[in-house]
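First subunit A sits with subunit B, and in the next complex the same chain sits with subunit C.
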Partner chain A sequence: MNSFYKKNGPVIATFFLVAIIFWLVFLIVIPQLYMLDLSFRPNLPPLLRGGPDDVYTLTHYKHFLYGSETSKDAYNYVDIGVFFDTIITAVLVTIINLCFCYPIAFYIAKLATPNTARLLVLALVIPFWINELLRSFAIRILFAGEGVINNILLELGLISTAVNFIALDIALYTGLTYAYILLMIFPLYNALETLDTNQLEAAKDLGSSTVRTHWRIVIPHAKAGIASGCTMVFMLTAGALATPVVLSSPNTYWFTQLIYQWFNMNDNWSRGSAYSIILLVVSVTFVLLMMRLFKVTIGEVVR
Partner chain B sequence: MSAEVELQNVSIAFGNFYAAKNVNVKIGAGEFFSFLGPSGCGKTTLLRAVSGFLEPSQGKVLIDGQDMAGIGPNKRPTSLIFQNLALFPLMSVADNIAFSLEVRGHDKVSRRKRADELLDLVALNGQGDKKVHELSGGQKQRVAIARALAVEPKVLLLDEPLSALDLKLRQKMRTELRAIQQRVGITFIYITHDQGEALTMSDRVGVMNEGELEQVGSCYDVYEAPCTPFVATFVGENNAFYGKVEKVEGGKVKVQTGGSSFIGQAGLGLDKKNYKFKAGDEVIMFVRPEAISLKGSSKKAQNSFSAEIKTIEFEGNLKNIFLRSKEGVDIRFSVPSSTDTSGMAPSKNVSLSFSQDNAVVLPTGALALD
Partner chain C sequence: MRPNLAIQAFLGLYIFIFFLYLFGPLVIMSVTAFNSAEFPAITPWECFSFRWFNEGKIAYDGQRLAGLVTDRPLHEGIVTSLIIAAGVVTLSVPIGMAAAIVLTQVNSRLRTLFYSMSIMPVLFPGVIIGISTVVLWDRIATLGGDGFISELGRNGIFLTILGQTCFISTYCFLIFVARLQRFDTTQEEAALDLGASQSQVFMKILVPYLMPAIGSSAVIAFLASFENYNTTVFSILSEQTLTTVIASKVRLGISPAISALALVIICLTLIGAFFYEISRRSNQRKKDRENKVKMFSEISGNRLVEEQPKFFKIPKSIFVFLLLLILAVLTWQQLIKNNMYGAECVEKAEASKKSNFADQLKLLQQNAESVEATDEGGAETGGSKEYNDIFGDPNLFKNFGGFDTDKKEEGESGATRSNEYNDIFSDPNLFKNFGGFDNKE
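Moving on to the complex of A and B:
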């Protein structure tokens, strides 16, 4: 702490400390703790809060598992189904994202000339100056029944009737994949950039094929970057709202849409909080399990 | 199994810049050949053309008489050791060495067996399970050699692999590399800017400057009979006396330089024939520091001059004495450390002499810059 003050001077050091503590405590810890607390309380009108009925309860978590008391089903198939759909789709989107971004990041980091690399990075970044909602609508326009892609395919005679990309969730997958592409590319790029190019040449000189060089040398080297990118993309995809709202088919529901409904339409903040906590805990656990599986430590991921 | 490597008129251009110009050399099977030159002279580029990482813009690379055009580095009978070694840090030593066998689909047991054999060869027995970062600089060096030898190349290419080591280790590795080369009996092509490395290890040396191969010859030849002023000054130290030819008598050339006239030998050209000078030609006479002695200390010395002492430098086994002649030519000469130099001191004048046999006269040209 002393050396931190000495290094940065009293004004800047105090600013950093205050800013970081404010950010952590007021913007992250307190709201999350408040939500955690809320998720264990019944949904009461304001007048009854703090009254005798305001006791800790598991009712909202039970609702997620078993549904409302009037329901005849043994479990809350709808919500649980939506939940697993969301997690599985997020995993798929993360994998698709990785498959797309790895070659791009490798090209920028190792193969492109510095000028080409700069141009490519710019081309990747500029679309993200447009906000997420508008980008989602743009993708909707591309994939709509009478959208650009259908028109082109029809014009070329490749299809005879328009494909319903929205109902097939192709638009959703595309939108979600594209939404967080930068969060995959940059950690990958950072990791790949530090790879000594001589190692690629050495592997080639020893007779290794491109695939094997990537499998044995490049991917192990970039493992932490891959984990970092996958974590961010998975977390953000599982928690995305705007893109699924705009692009999902009428019968596809995203778990965040449920949370949103509890908060805003049904005015049940407690249940919304419980659903948020479920999503958070399962997502974090899933990521930690994956990191365990691929032998990556937290330290490596945030490096 | 070793192979002959031949470069025929090899030029390598990057845009308008020629990294190598018209290089012609034939390296014999089983030979230890060094390309020696300052940094940026194109020697690494040339090595990359032999290994297949780049194609010459003009000319041909032949290995065992076969044109290598269009054949990639993984298909050539060569193996390259990189300047930074490029060991795979996430693999064990044995996995590094056996990587080429893994690529070729050998099973684990035979890979390990081969790795252990190679570890024996480079005197690293029992170190196979270590991680690369657990090894010392010299040990990493040996792993790199073992890994390169695992593919059983006919030609081993070495790109300044010793440059990261400290002096003692470098000297030890020189001897060892030479010993390994003789044990495996394959062609070694070695790139270095260190003349000590080139001269101690090689059968022959090719001296390069600005993309051109200036001279190819035995270590003795490039030191004792340089063909160009660059070679004369890059390989070892040399004193350069600029002057004009006064008279030519047989192989002897009398050169007027400053106020004095010295007699020296006409140098050998690339065609192995003495340069033909005539009176009035601009020339440089080169005299090695160790060929200069104090006047009167040698009977054979026929050229003499006097100069003022500037500084005396102690270098362990030698003392280097820097002087300036009255014509303003900087001269250095060396005497064994045991020589009594108590009579010498800066700003004193001394008379020096050197033998005609030790003075080489060459046409003017660029010197190697220190």
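Moving on to the complex of A and C:
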């Protein structure tokens, strides 16, 4: 500590310390810990908090698993269903995005001329700076009952009546894939850019097929990028709120919407916190899984 | 490595489809901003108009659809968003910078822990950051009593600034870390040896070196804050930002005014990207020229003949602009020819819609009188194809089901009904749009 002060001078060192402690402790650690604590407490009106009723309880987690005490079902099928729907959809969206983006990233990083590559990157960034809500809104216009897609399909004679894409959740899935596609491309692109083109040529000269070259050389090289892209897309999709708000059909819920309901409409903050903790645990598990699977460090995941 | 022709063609097609997927929805949304119809769509095209950018309209069913200029909540939301973004930038840029500089000074074991903690917020869902901020500060406000702290803890703008700073600082941190990796520490040592104080070293060497990173992290922080929804929606409490206004608009019913707003944002983004590209290119050119001058001064021989730079080179992008211009002119002519532009067209469309709506209502009333079921009957007979998505909604007719209540007072049910539709009937403008429908009876 002394050497830290000596190195930076008293004024600057104090500024550094205050800024970092404010951030790490007051903005990151304490809020999360308090939320964890709240999730184990009953939902009480403010006056009763700290009183004799304010004891640790598992009631909110039990509610997630078994439902309310008055319901007849053995498990809370609704909430668990929403939870698994969200997770499975997020995984699918991640896989689809990876498959979609790999050729594009490879093209921009290795095949395109530098000028084209730069223009393409710029073109990729532009839609990303437009609000997520507005992008979802664009998808909604596209998939509306009298929207462009329905009209094209009707015109081609593929369908006889308009399809309700929103009720079928097709609009939601498309919107989610659309929303975070950039966060898959960029890590992949960054990873692939560092690949030495000579390796690809050597592989070709030695008679390797294109598929084999990709499987044995390009993908192993890009593994940090793949891990990073998959993690980001999964996290953002599972934690998305804007896109489901705009695009989900009235009878489909996203897990974050469930949290929102407990929190804002039912005013049950501790249950909202408990559900948030569940989401957080899943997210952290996914990150650890990706790190283990691809053998990368957390620093390589977030770049 | 050049792939063969078939693969190349396939790749080209793939990239074309990919960019179509990326830009198609945005283009279509932009076009719908100019359609005067209440529902954002390209077909059926009603009239070309700027009404969604200006005053909006009062729809034939009495619903008020605000345009961009007249939309008060939207303006207030933008102001709130700007305040929050300014707060986030002033907090997160110094935090990110401090953390990145300290990261270079701590020993390797602490370093891993510190780095992991710093990037954690990016891996948290935004929803959770918002919630944790709110619950913590609500508790602080409760404990703090009635004074300043309690007010602060329940101030949505303050909470949103804190919540957003939590993860936006990480973005700034990462930008600074990347820049500091290329920093030459011997500069600092030299300055110290020459008798500079630590503060002087910081202000005269480190900060100027970090200036580009400060600039770009401020821009990133501003944009990230401005368009954040997931965290804001929880931490904003009773206030409204731009994103929450948009979200509530979208949820209440989709209006072309949102398309107009999106188009404005798209244009701003495009202009920003354009100027960025221009400045980048001019920088590149300057650097190239300097390099060339250096090369010539180093090689004093005359074996290298300087290439005469062409004074005017037509950039390829001009063809794209020309193409767009031609397309725009053609569409415009088509619009004029079909009389789909101007106040006349809008008026005509309004009139036809009004009469159509009156017909619908008449039909509905007849149905209500002949059949007991008031709600569903109308929905089946009514609804010409054009207005499918508006009239196809069975809930719509519910709102007008109570129209004849003043004639056949049904006691209790009538009372509850009028109560239920209070907010519709209390609007004084409502009856104006029906063209005196009641008077005829």
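Everything below uses one rule, namely that the second predicted complex is superposed on the first by the 265 of 303 C-alpha atoms of A that agree within 3 Å, B and C clash if a C-alpha of one lies under 4 Å from a C-alpha of the other, contacts with A are read in each partner's own complex, and residues count from 1 in each chain.
Heads up, the rule we're going with is that contacts are C-beta pairs under 8 Å (C-beta built on N, C-alpha and C of every residue); 3 or more make two chains touch, one makes a residue touch a chain.
Source: prediction; values computed, not measured.
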Overlay on subunit A: subunit C relative to subunit B, clash or fit: fit
Given the touch rule stated above, what does A:Phe4 touch, subunit B (first), subunit C (second), both, or neither? second
Most subunit A residues touched (candidates subunit B, subunit C): C
Which of subunit B and subunit C A:Pro220 touches, first, second, both or neither: first
Tell me which partner A:Arg212 touches in the superposition: subunit B (first), subunit C (second), both or neither. first
Now for A:Lys204: first (subunit B), second (subunit C), both, or neither, which partner does it touch? both
According to the stated criteria, A:Asp196 is in contact with first (subunit B), second (subunit C), both, or neither; which is it? first
Looking at the overlay, does A:Arg41 come into contact with subunit B only (first), subunit C only (second), both, or neither? neither
To the nearest 10 degrees, give me the subunit B-subunit A-subunit C angle using C-alpha centres. 100
Look at A:Tyr107 in the shared chain and tell me whether it touches subunit B only, subunit C only, both, or neither; answer first, second, both or neither. second
Can you report the least C-alpha distance between subunit B and subunit C in the superposed arrangement, rounded to whole Å? 7
Dual-contact residues of subunit A (subunit B, subunit C) 201, 204
Residue numbers of subunit B touching subunit A in their complex, please. 51, 53, 72-74, 78-80, 82-84, 86-88, 90-91, 99-100, 102-104, 147, 150-151
Considering the complex alone, what residue numbers of subunit A touch subunit C? 4, 7-9, 11-12, 15-16, 19-20, 22-24, 27-32, 34-35, 38, 46, 49, 100, 103-104, 107, 110-111, 120, 122-127, 129-142, 144-148, 151, 178, 181, 197, 200-201, 204, 210, 231, 235-236, 238-242, 245-246, 256, 259-260, 263-264, 269, 272-273, 276, 279-280, 283-284, 287, 298-299, 301-303
Interface residues, subunit A side, partner subunit B - complex: 196, 198-199, 201-209, 212, 216-217, 220-221
Under the touch definition given earlier, write down the residues of subunit C that touch subunit A in their complex. 1, 3, 7, 11, 14-15, 18-19, 21-26, 28-29, 32, 39-44, 94-95, 98-99, 101-102, 105, 115-129, 131-133, 135-136, 138-139, 142, 162, 165-166, 169-170, 174, 197-199, 202, 223, 227, 229-230, 233-234, 243, 246-247, 250-251, 254, 258-259, 261-262, 265-266, 269-270, 272-273, 276-277, 388-389, 392
